[in-house]
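Shared between the two complexes below is chain A, which has chain B as its partner in the first and chain C in the second.
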Partner chain A sequence: MSTSNKQTADLARRRFLSGAVALGSVSIASGFTLYTASARPKGEPASSKIRWGLLIDTGKCEDCNICVEACKTENGWEGHRGNLTDPQWIRKVGLTDKRTGKKQSLPVMCLHCEYPPCVDVCPVGASMKRADGIVLVDRHLCIGCRYCMMACPYGARSFVHEKVTNQKPYMPRGQGTVESCTLCAHRIDDGRIPACVEACTKSGREAMLFGDLNDPQSAISKRIVQVSTTKLRADLGLEPNVRYVNF
Partner chain B sequence: MGLRDNYHRLVDHGPFFFALMLAHALVILLGLTAAYYMEHNGHYVTGMNNQVVWGMPHVFAVFLIVAASGALNVASISSVFNRLAYKRFARLSAILAVSLLAGGLFVLLLDLGRVDRLIIAMTSYNFKSIFAWNIYLYTGFFAIVGIYLWTMMEKRMNRYSKYAGYAAFVWRLILTTGTGSIFGFLAAREAYDTALLAPLFIASSFVYGLAFTVLVLLTMCWTLGITLMDKEFVQKVRGLLIIFTVTVLYFTTVQHLTNIYATQHHGVESYLLLTGGVIPAVFWGVQIVIGSILPLLILAHPTLGLTRHGLSLASVLLLIGGLGQMYVIIIGGQSYPLNIFPGMEATSSWIDGRFAHYVPSLAEIVLGVSGISIAMLATAMALKVLRFLPNPIEENNTSKNKPEAKTAGAA
Partner chain C sequence: MTDLRQTKTYAVLTAALFMMSLLFMAGAAGAGEERVPLPHPAMSEKAQKAENCVAPVSEMRRYHMQYLKHQRVETLRKGVRGNPYSLKSCVNCHAVKDKAAGGARTADAFCSSCHKYAAVTIDCFSCHTNKAADRKKTSAVQSPVSQLAAHLEKAAKDRSLLK
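What follows is the complex of A and B.
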């Protein structure tokens, strides 16, 4: 078999295997279907028919750090200095209502806005939104101007302030560039759910629901129809794809 | 040794000039070292962090870029508004403008996280970004002012100089509007998000640019022992500086008053003007008292305001005030926390609910100051190479100066 034929055969086999593994429903907790997943075939662009989103139930979210730790482990980011120069792709925010004193805890990450200001302001087009709604930074284009960080109303982006080590092969990082939550695009493309959602669900809290907002049959779409959800800084009209409930 | 076109090159100068240029070269060297230190180690060695993402380099860079467009003011007044008294200084004004812009961009670029990707910034554009538009505005400024200088210095092109002056005037207004809009377009930050920043920056540019022009002219006078500005011109500049400074104060007052009127902005205004520690101290102490009131008192003084010493002192204070103004806008606007959860008290291990503590590092300050040195050294080199300096004027008290002995015409 010639080299090119062998490569083609390998590619076809990989596509078949990844598709076979990923097709069908992804069930994390017993009896609870998160979303119907299918791996995106290699080389095929993300589809605008899909709009990935997250629904975070602050009523179920406890004062833990499971989602943050899962994100760190999955994506290989961690701060060493214990100050604001450390990266933070996802963070737990404690909230106290000024009038009632009610306390809440919730995770905040890139909200993958429908109209992301970080994408608007990036001078070189390194900040971008995939067709399926995931907002990313092309670290090969990013010049490290940090204008996107000035523009993000959620403080969701980090600038890599020092040399990075132990990078994951699927998640390249680089000193001097900006980074943020990718919604675990590499996992989604493989037909898996984001690491934070998986960890939260496995812990039994099930405070994070992931799925296709364009699919009316998805669990997330059905839940959004049933309950009143909150978009952070809705006044800015950015239409974030990460929403909150019981907030 | 003949004098041509009423302009001359900087040729015969004393050791003071050399010492000054050497000092600027040294500062530039230190600035490059500081940039290397920051790039090599990463920005954790600076005072900047994930909340205050733009620090002292941006304070200096924006200050210089704003000053650049203002420095062209003298040339604009002569070409656009046909004021002949300013015409002598039009060439100097133009070369100072491009030098200041070069100094500002030098600092801005060396503070990028990936300086090595400069080629990407020059070749890959997102035209929805005001930052990308600014790259065109900056390069366009160099080109248009270059053409403007050509039309002023080449006799055959003199007839087009008025048109080039118009183009440069319009371009500089657009450029400063663009610079102000970098902040004005940021809806997420409460201290920004106002269209007033564009006219405020334009008014500020008039102050910074004219102050720089005055200081360069007076430095040339002291270096060469000649008189370049007669009393009438000193009076005119004095009047302009007063008008521009009052205009900046007006826009600053309106900006804060409109914010204070809106209940939602009470927190950020309280932080900027009263409770924000260093920020209100810089606002009231540096921007308002040292950088506005004091120079206004000097300029308005019936005797001191008419002297070159008074003018130079006021100009220095105005520039210090300008840096203070940029500090308050850039650092103050970022160190106030994002209001993601209105009505809630937010805490986290990160930026939520906290007023960022920003202490500029020495490397940042040195890099920023080196931008000023780039501008001054570039101006000085230009003055030595081409005939930008107007010929000295004869004044009663300076008639003993022999300009011919101190200057030389074009080779």
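What follows is the complex of A and C.
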């Protein structure tokens, strides 16, 4: 087969595949579609028309660690000794109301701010926001100064103190750089949902809702219109794309 | 007088240096056979089977670093996926079985052969994995045919035990 023929065939196959992928979706028992998955076509950059976001229902969030474990398995950031310097991309925070004794548990990770302070302070341009709102660290450029860790009001970022081996092929990690939740960008680009959301949905709790905040028809946008949501430290005006409900 | 003496000293020194350089050149020419041998990167089965790399070999030899760097920016910062010059696809195609990695396929042998020769230190693999993403063959996942075969075999065994 000549090169041009092969390319045409590849293109046709790709179109067919992307069409097939577009049909795949995550749905819950009621037949209500949470998020329609579609892999971004090959060679196309992330679009600013999309703003990925998460809505965490603390009313449904139980005192479990499923999301944290799923993230660890997916991205391979298991700590070495369980001490404070271990990386932590997502953590469960327990809250107790002193007056009523009501207890709440909720996951906190990088909230992927619209105006991320970590990006503002980075002296080398390693801390960055992708067009679709995902805040990432370009670890090729990161010098490990940890200014971003100080700037983040949510304590979402970690510094890798120890040497890392056996990384996942899709998630390179290295000593001396800062890292944080990537909202599973590699999965999103592939048309899948973040690992924490998938694990939470599979467990039947369905406390995490993922989707495009710019699309008024997405489940997350519809829900945000219906219920009153909380932005953590809204006073800072960072406009996080991860929001909480029942909090 | 002193000037003349100095000039003489310089002349002697220059002559000595010239002789030494001549000797050195002769020595270097004689030791021509003991040069560092040219690298012959270990070729994996996959790479051998593929007729071409993502670009002609001569082009890849000269420009692979620029291609990799260009694509890493495109992928990480812009989110472009599926382009050919990814480190992951280099590793997946060029990795060969590595005893140091417990028999897994790694790109160490392929990448380091030329880099050692050219005295280039790369730090790609301090963050990226050097192992190929080979799917492990698990016995847990069986095809329906092999499941049926296993079931029949077990039944036959049970029957023979009953006798």
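Following the convention adopted for this analysis, the second predicted complex is superposed on the first by the 219 of 247 C-alpha atoms of A that agree within 3 Å, B and C clash if a C-alpha of one lies under 4 Å from a C-alpha of the other, contacts with A are read in each partner's own complex, and residues count from 1 in each chain.
To be clear about the criterion, a residue touches a chain if its C-beta (ideal position, glycine included) is under 8 Å from a C-beta of that chain, and two chains touch if they have at least 3 such contacts.
Keep in mind that what you see is a predicted model, and the values were worked out from it rather than measured.
Q: Output check: A:38 vs chain B and chain C. Expected answer is one of first, second, both, neither. What do you get?
A: The answer is neither, since A:38 touches no partner chain.
Q: Just checking: does A:108 make contact with chain B only, chain C only, both, or neither of them? Give me first, second, both or neither.
A: first
Q: Based on the superposed arrangement, let me know which partner A:177 touches: chain B (first), chain C (second), both, or neither?
A: A:177 contacts both chain B and chain C.
Q: For A:117, select first, second, both or neither according to whether it touches chain B, chain C, the two together, or no partner.
A: Only chain B is touched by A:117; chain C is not.
Q: If we overlay the two complexes on their shared chain A, which of chain B and chain C does A:94 touch? Say first, second, both or neither.
A: In the superposed model, A:94 contacts chain B only, not chain C.
Q: Which partner chains sit in contact with A:151 here, chain B, chain C, both or neither? Use first/second/both/neither.
A: In the superposition, A:151 touches chain B alone.
Q: Could you say whether A:48 touches chain B, chain C, both of them, or neither, answering first, second, both or neither?
A: neither
Q: Mind sorting out which residues of chain A both chain B and chain C touch, each in its own complex?
A: Common interface on chain A, chain B vs chain C: 174-175, 177.
Q: Can you tell me which positions in chain B touch chain A when the two form their complex?
A: 39, 41-44, 48-51, 53-54, 112-114, 117-118, 120-121, 124-126, 128-132, 134-135, 182, 185-189, 334, 338, 340-341, 343-352, 356
Q: Taking the touch rule as given, give the residues of chain C at its contact with chain A in the complex, in rising order.
A: 72, 74, 76-83, 88, 91, 126-129, 131, 133
Q: With touch defined as at the start, can you tell me which chain A residues reach chain C in the complex?
A: Interface residues on chain A, with respect to chain C: 40, 42-46, 128, 130-132, 134, 136, 138-140, 164, 166-170, 172-175, 177, 185, 189-190.
Q: Could you pull out which chain A residues touch chain B in their complex?
A: Listed in rising order, the residues are 81, 83-88, 91-99, 108, 117, 119-125, 141-147, 149-155, 157-163, 174-178, 232-233, 236.
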